[in-house]
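Letters are used for the chains, namely A, B, C and D, taken in the order the chains are written, and counting of residues starts over at 1 for each.
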Amino acid sequence: MNARPDFLLSVENLTVSFDGFKAVDGLSFYVEPNECRVIIGPNGAGKTTVLDLICGRTKATDGKVEFKNQELLKMREDQIVHAGVGRKFQTPTVYEDLTVFENLEISYPKGHGVFGALMFRRDDPVKSRINEIAGEVFLDDLLDEKAAFLSHGQKQWLEIGMLLIQDPELLMLDEPVAGMSVAERIQTAELLNRIIKDRSVIVIEHDMKFVEDIATRVTVLHQGKVLSEGSMAHVQADPKVIEVYLGH
Amino acid sequence: MFAEYSMGELGAIFAMQGFAGLILFSVFVLMALGLAIIFGQMGVINMAHGEFMILGAYVTYLTSNLFATYIPSLFSIYFFLAMILAFFVTAALGMLVEWSMIRHLYKRPLDTLLATWGLSLILQQVYRSVFGAREVGVTIPEWMMGSLPLTDMIEIPINGIFVMVLAVGISTAVYIMMFRSSWGKQVRAVTQNRVMAGAVGINTERTDRLTFGIGCGVAGVAGSAFTMIGSTGPTAGQLYIVDTFLVVVFGGAASLLGTIASAFSISQAQSIMEFFLSGSMAKVLTLLTVVGILMLRPQGLFALKLRK
Amino acid sequence: MSDTPKKSIKTMEASRRSVLMGGTALAASLFAPKFLKAADYPTAAVNTTGLAVTDEDVTIGILHSITGTMAISETGSVQAEKLAIEQINAQGGILGRKIKYIQEDGASDWPTFAEKAKKLLVNDKVASVMGCWTSASRKAVLPVFEQYNGFLYYPTFYEGLEESPNVIYTGQEATQQIIAGLDWVAETKGAKSFYLLGSDYIWPRTSNKIARKHIEKLGLKVVGEEYYPLGHTQFNSVINKIRLKKPDVIYAIVVGGSNVAFYKQLKAAGIDMTKEKPVLLTISVTEDEIRGIGGENIEGAYACMKYFQSLDNPNNIAFVEEFKKMWGDDMVIGDVTQAAYLGPWLWKAAVEKAGSFDIDKVREASPGIELTTAPEGYVKVHKNHHLWSKTRVGHAKADGQYEVVFETAELVEPDPFPEGYQ
Amino acid sequence: MLLKGNRFFSTGDLVAFAILAVLIFVILPVGLDTFRLNLFGKYLTYAFVAIGLVLCWGAGGILSLGQGVFFGLGGYCMAMFLKLEASSPEATKIQSTPGIPDFMDWNQITQIPLWWEPFHSLTFSLFAVILIPVAFAFIIGVAMFRRRVGGVYFAIITQAIAAILTILIIGQQGYTGGVNGITDLRTLKGWDIRTDDAKVLLYFVNGGLLFVCLFIAQLIRKSKLGRILIAMRDQEDRVRFSGYDVANFKIFVFCAGAAFAAVGGAMFTLQVGFMSPSFVGIVPSIEMVIFCAVGGRLSIIGAVYGALLVNLAKTTFSELFPELWLLGLGAVFIAVVLAFPNGLAGLYKDHVEPRLLVIFKRKAGDDSSTEDFDAIKTAAE
């Protein structure tokens, strides 16, 4: 089976094994432009590992990952980012010793070489872009605050902001609302709904209500393999899914 | 270089050289085991490892003097008692150090390096003040210093055999303790996730202290054994530190088997090169090879592949 | 920094303590004291260059490592120098002045040596310095002594290749230690082949070079030559090589901690030195080192030195007694310790001959100075600033002492730049 | 208004730089005799290394236990030039081969080896002082950071490299001077570096270069690169997924640290008058880390004070209590790690700087904005 060019991302026969244990096993799926794909599945199904493989954090044992017809598996993490893939981690990963402004500034897609970084100037376009993004992720009042002092939910937003500023074509979010208060959750859902409009998104999420809200298609993973794929209604009705979820 | 020798001579030399390699291997294993526990399992960079070894050597020295003065009739077996004492004395010091210093630093592994370096300076000065700046001569029972002539050419040093037996014995003991006992499980649980281990009811403080103490104790036994083949002086411990760390790192820090495999490969490489090259160049080449391989394979020889 | 006055107070205390420890009943008979009165030598006349000389005393420096890896070796030298100073003071000092000393720690670190040497010369204006042990420390202080015109008494046997107007070398240079010993082993033991072994630095390398040339001159054979890094502790491989080559003589110049490891492993490998197959000849193991090695581990080896503690002459018997009285009965005295002991005495003799503390005059007076009271016997300063001395061979015994089995009939001339050996 | 600070220097930084400048260029030269001043000059050469370590370790989280290698390489490059100049045929006419360095003559080398030849040129030597260590650091950096070796592993490998280089230098004594090092250096282009005047001048050159390095380090820290280093130290993965090639940044900062160390080494050779393998090995390398830790691993100015104070303490302790100074030194290191992890700089930042700033602020008068005042308040809290 050849990768099809009309997909933004095609994952084919993706496999990784850790000392013989196949965490992801012959996995294939395709993401179209402007699609919001949600990956669900029980713990240990390999969801996070799939994201790790796509963004280069873990090296695949076998398979293909093509993004806009570029093979991602051969690229370094930073090259994958420059190709247009952004990744948010499960636990909020921000630079605690830096301010919110500086966190966003580091993610600003300019001056990414050593000398570029040395010569980087905080000029007006940079400032206005950072302000804009900060507004979008509800942090415009906290720009000079150290990230360490943010609440858990605010850190999640900051990380999303750090992705947005790169303007990726494919955004991968690992449990973006985990550990948030109800109010934060509502705000985040609204934020996500806004940002998934003009790009493709892969989301890992447990909250079914939330999944129903945003998903174009849902992929159910089980033991490193695709168990079911389709619309939310389709997978919810799939007996295999019901067995895996209820059988436990 | 071998043209002028008979086959018999060559065979004998290679046999003995192989044996020399095995002795070196045992020496490396003994040096590295304590550190493999402290550094490999606990992540503490103990720069005072050599000083703990020397403490074991000084304990042996004191024991030998005691026996020579008070019970000379039993002098020929004092060494066994000395090793046991060395274990407990260094383990006790190790636990004291863990309690006063190391336990505050588990989250800052690189800082343990600095603190233990400070400790090593202090220990060196204490040794110097107590035992004098000069090396002390540890008298080894006569039977341990001889050799077993196998053939006319091949002679096997008894202390070499002793070191080898000790290395095997201690490795086995450490292996059983770390991987076959419930206590070992606790140690591994604590080192992998301290908070979680505490939450499931493991007394993490006690486990840490005992682990560190045992690591130091093993170093003490090694130091005690090395009085047979090396020198005992305030600064002698520093000689061991580079080799020891390289052995542990090269093996893949968290793996005991790796430490042993690495001790084996480094010792064989060094022993072979020493035979064909001059001593200094052999040492340089051995170190370079190890560093080179580590650059290609930074996780060491044996490492678990894990999801990060 | 104003620690200089404090230092002198401390120094005086130290000397007082030492006086109590050592006792004043020195070998007065031996060193035939001639009490010179300071009044006969006015300070203005004996000290025209502003050295630390007063009407009562004269200050010198002691510069050795008290800390660090070299402290092991240098302790004996410090003790010997302090003993000599005590004895000189008990006899009334030099030109009627007591010797005070300022002791500095070189800390086994060469820039520290240079730094402290400069402090002693520039800040303390010491009239001479007893000090250094390793070649590296001497090389580090040498430019300082030459620049500020200081005067150093250097006690260690060393590789030669140096002749500074500002240094008196009280130890032997390499040829003095090597050639006679090789002749002896070739003659009495019938040695034909040699295996040269050393720690990897300049002294063993230079010494082995001279040894190789001489061995080849004698028409004999060097079957192996090998160096191990300083601090190396595993010698099984080289021991096997030695076994393979079957030399008549192992010529070993291993130093420091390596020494201990080498001899212990040699013995354990079944090479019994008392059987003299092969003969082990060393120039790096003094009685001091044997304490670390253990007499039982080196029994039967031969060492080539100019001094052994067991030398049987009245000078030495008195010296050993005084040394033990001052520093404890368990002390042993090696070649370098004795050479260090000569330093203050040679300086005293030179100052008295010159009638002045001025460095230039002391330097001028130094060649030709004789010491009949030296523990090693009679020594004389050569015009190349080294000492004429005898070469002796000692046979190591299990109790850690050497039995002297040979000594050259005449004093051996020092030759720091030996023609034909370079 | 100078004191208001700018993109690269906050007011606090300016005050700290100014105090250090006054100390180095006014107080020490006025207060000390040439001998002591020369000592402080020597201490300051270690400050170069410590500044590099602040960048590598404090900011970037890369702990190198082999900075002595770069210090030594820089120092040896300088020493080779000076030695060749000191080995003129007239000065070495007693040798069997006049015109070559004395240690070569003792080792039966009759001709200057090819790789020594370029060191006849001062220009080449000065370039080599920086470029050779940097190239070496680059090779190590590429090999290690590309393979993602970091943390403890990096520390131990650099330590092993220091050990290897020491054995090599000692073993190849015909070409390197062996364990004695390259000694008896006299003149630089005919100018006697051993005189008191020369020492004073060298002290000031050294101080000047130190400030150049401090300035460069400050630029690096205050640029986006500096913030990336901190980001990298705390969340290396996140930096990767923000689109940075982390290895390049590590290589850069490691090379920068090596360059600083090399300058320090060259100045050391000039001021002390020799170079030997005892500055290359493990012990000096770890001591250099300790200077940095005592000064405060996050502060470049702190690093300078750390180098000064530890060395001063070492000299003073060893003069006053020669038999006990190791105890004191060891205790200081443990205390710094356990009780003051941010070293002297941490103490200064918490207790001294806020008060100083208030004083300067008053003098600065109306120019100071309320924004700055807030900053002071935050710092004070």
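Quick note on the criterion: a contact is a pair of C-beta atoms (placed from the backbone, for glycine too) under 8 Å apart; a residue touches a chain by one contact, two chains touch by 3 or more.
These numbers were taken from a predicted model, which means no experiment stands behind them.
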Farthest-lying chain, centroid of Cα atoms versus that of subunit B: A
Centre-most chain [mean C-alpha coordinates]: D
Geometric centre distance via CA averages, subunit C-subunit A, whole Å: 74
Interchain centroid distance [CA atoms averaged], subunit C/subunit D, Å: 37
Subunit A-subunit D separation of Cα centroids, rounded to whole Å: 43
For subunit C, residues contacting two or more additional chains: 66-67, 200, 227, 229
Where subunit B touches two or more other chains at once, by residue number: 125, 128, 238, 280, 283
Multi-partner residues of subunit D (at least 2 other chains): 167, 170-171, 323, 326
Touch list for subunit A against partner subunit D, complex: 55, 57, 76-78, 81-82, 86-87, 89, 93-98, 102-103, 105-107, 109, 111-114, 117-120, 122, 159, 162, 166
For the subunit C and subunit B complex, residues of the former touching the latter: 66-69, 71-72, 75, 200, 226-229, 231-234, 236-241, 243-244, 256-261, 264-265, 267-270, 288, 290-297, 400
Subunit B - residues contacting subunit C, complex: 5, 9, 13, 16-17, 19-20, 23-24, 27, 125, 128, 132-140, 142, 145-147, 149, 153, 155, 157-160, 226, 228-236, 238-239, 270-271, 274-275, 278-280, 282-283
Subunit D - residues contacting subunit B, complex: 57, 63, 65, 143-144, 147-149, 151-153, 155-157, 159-161, 163-164, 167-168, 170-171, 282-283, 286, 289-290, 293, 323-324, 326-327, 329-334, 336-338, 341
Residues of subunit D that touch subunit A when the two form their complex: 7, 219-220, 223-225, 227-228, 230-231, 234-235, 237-246, 248-249, 252
